[in-house]
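Got a structure for you, written out below as structure tokens; questions coming shortly.
Chain IDs A, B and C follow the sequence of writing; residue 1 opens each chain.
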Amino acid sequence: MDFDFAFMLEAFLAALHYLPTTLLLGFLPLVFGSALGLAIALIRHYEIPILAVFFKWFVTIFKAVPVVLILLVSYLVFSDVLDKIANSLALSISFRDIDRRSIAIFALTLYATSGLSEIFRGAFASIPKGQIDAAYSVGLTTLQVLRRVMIPQVIPLALPLVNNMLISLIKASSLVSMVSVVDILNGAVIEANVNYRYLEAYVAVSIIYWGVCASIEAVTAGYEKYANRNRRRQFA
Amino acid sequence: MNEFFKWEYVITLFPKVLSALPTTLFIVLFATLIGSFLGLIIAYCRIERIPIVNQISAVYVSFIRGTPILVQMFIVFYGVPSLLGVIGIDISNWNKLYFIYITYGINTSAYFSEIFRSAISSVPASQYEAAASIGLTKWQTYRRTLIPQAGKIAFPNLGVSIVNLLQNTSLAFSLGVLDIMGKVQTLGALYYRVLEGYFIAAIIFIVLSISLEKLFNMLEKRMHAPKRSRQVTMQPLALERAEAAMTVQKSIK
Amino acid sequence: MIEIKDISKSFGKNAILKGMNVTIEKGEVVVILGPSGSGKSTFLRCINFLERADAGEISIGQTKVEFKKAKSKEILAVRRKTAMVFQQYDLFLHKSAIENVVEGLIIARKEPKEEAYKKGLELLSKVGLKDKRDAYPHQLSGGQQQRVGIARALALNPEVILFDEPTSALDPELVGETLDVIKHVAQTGVTMIIVTHEMSFAYEIADRVIFMEDGVIVEQGSPEELFEQTKEERTKQFLARFSR
């Protein structure tokens, strides 16, 4: 079997050069998605009229649509709409000038938001109702109950699932080559375009993904072990 | 391509895109079958801690879960022919779909094996001991005691995993397979209408995902519903004991 | 003085409370008895606005509110004059015993931390848990958790403490210690409304016993009147089940 290890190493190094891009495409949507997802979860938890229904549909739709579609449609809409809006507003930005990565981040944020909002909603629902009653009974306001009783209990519950979302995002970021962003995958493939040694390139890049995802998983496992050892909470 | 989105193209393209639905569904079906089969074997090896195989399985599962399916697809696409080339099998004229089936099957097996493993280990150890105590072999214990109980626990997670699988099939077009997304891409090149195609694909995926989810919820409910036939065939002795247990419970209340 | 007028509450078609009137003097200990489903717990939860009653009004001290119309400010005002002890203790699981006790003081009442902790520690020693101040709920027995719950309620120095079956979820051997603490608190002159199934405890502690069924008061009076000179047939039937 013909496998060029030297070239694999070369592709590995070439890909590694773009690791910051891949990490950026994983972490930024996670941060934005967590903030938006938490907001949506709260809106749905408190059943705020109209908005709650709107976001229910939002989440249902974005959970059912493959990420690649979200990405491709975002690209199309941006490429077409942005210039028109810029023209009509006489702004001097055009599609060519904006960083393609921001489109990818936008699309991945949509994907992350729907998933994370469900994670937080589940965590909110799993807080024993008596806790909330007790908090009200000692005279806390709704906002205080949220901040002092609910959020502190939701975060540790949700954290392992949020980490899983980060892994999903890192993997999903491999699709951004479709909107011509150069990430680790694209970086390795470009290297292989010269000599058609694609297998080596893909193996090389898979090792990077594996390393990143396994590290995140190890952090999660470590956290869960820590949380179990210092169990401060008991959800009976 | 002066107008951004035209409904008439949605209507024109819809049946054409829909004709690719069977391809997508077959990918899901074959991947589920391969994934279940391999997944069960891997789960068994890991639970029984069979030396070497256990470690290899752990690495395999970690690798598959830690890499994008897009990358796995190309490794299979370029790797399998050169691997088989070594033992003299030429598959250069294979249908690309076979590579897709292999990729998605392998990918699914890793996720399924973890679901099976955690489900089987969540069956209380006393069940295993009880089965052994009445003289069942290991295989019988798995088949008659562990798998039926684990199945109920695993079912909802398998459902989620299959919906994920369905959505992941949207990447098969990268190899040039004409599934739903592949069809949308070719039609896009033909008609210069891409957005309408994506819209149709989104609708199809939404409908499929939600129906699959509903289907699994329904099956799950049915699974947990009490079985009448079992009550009828209950032995008289067992009935008596059940009654005794009921009265004890009542008096406690 | 606490006055509750014409309180009624339904869940869907189920009328749980059907226009009850209860007046409680300062320092009075009122025990509510009744079969399960008679609306005892709902009554307490409505007083604390954990459920919103459909009609009626409540006045506590200077605060007078109609249940149906109460705004969130008024609800908060009532809640800050009341405290509740729950059947399932419902301690904040992410906070230690002392943190549970001072939460209402620091956050709701805005008391300075130092004073709050001082008061909290005093109360914990009052319920016999001074050495458990830093224990988390899962490290405490049910009885201990409930005693922290009582301290948490006492900390607020409320006009009335509502006890919702405080010993029903406890193992039998832990009931005694919890009842002792409640008795002890009762002697300090705190106004209390207690829902319980512990008859001898009720007899011993109550200034007044109310027997209710199907959302209305069937009979009320001193423990002697209610237990020994029972008038209503329904009350007799109910008590007969406990006097074995």
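In this text, a contact is a pair of C-beta atoms (placed from the backbone, for glycine too) under 8 Å apart; a residue touches a chain by one contact, two chains touch by 3 or more.
In UniProt terms, the chains line up like this: A = Amino acid ABC transporter membrane protein 2, PAAT family; B = L-cystine transport system permease protein; C = L-cystine transport system ATP-binding protein.
Everything numeric in this text was worked out from a predicted model, so none of it was measured.
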Central chain (distance from its CA mean to the mean of all protein CA atoms)
A
Report the chain whose CA-based centre is farthest from the CA-based centre of chain B.
C
Centre-to-centre distance between chain C and chain B (centres being mean Cα positions), rounded to whole Å
52
Just the number, please: Cα centre separation of chain A and chain B in whole Å.
23
Centre to centre, by mean C-alpha position, how many angstrom separate chain A and chain C?
47
Can you pull out the residues of chain C that are in contact with at least two other chains?
none
Of all residues in chain B, which are in touch with two or more distinct other chains?
none
Where chain A touches two or more other chains, by residue:
none
Complex interface listing, chain C residues touching chain A:
45, 48-50, 72, 76, 79-80, 82-84, 86, 88-94, 103-104, 107-109, 136-138, 149, 152-153, 156
Applying the document's contact rule, which stretches of chain A touch chain B when the two form their complex?
1-3, 60-61, 63-69, 72-73, 76-77, 80-81, 167, 171-172, 174-175, 185, 198-199, 202-203, 205-206, 209-214, 217
Given the complex, residues on chain A that touch chain C span 128, 130-131, 133-142, 144, 148-149, 152-153, 231-235
Which bits of chain B are touching chain A when the two form their complex?
4, 62-63, 65-72, 74-75, 78-79, 82-83, 85-86, 167-168, 170-171, 181, 194-195, 198, 201-202, 205-206, 208-210
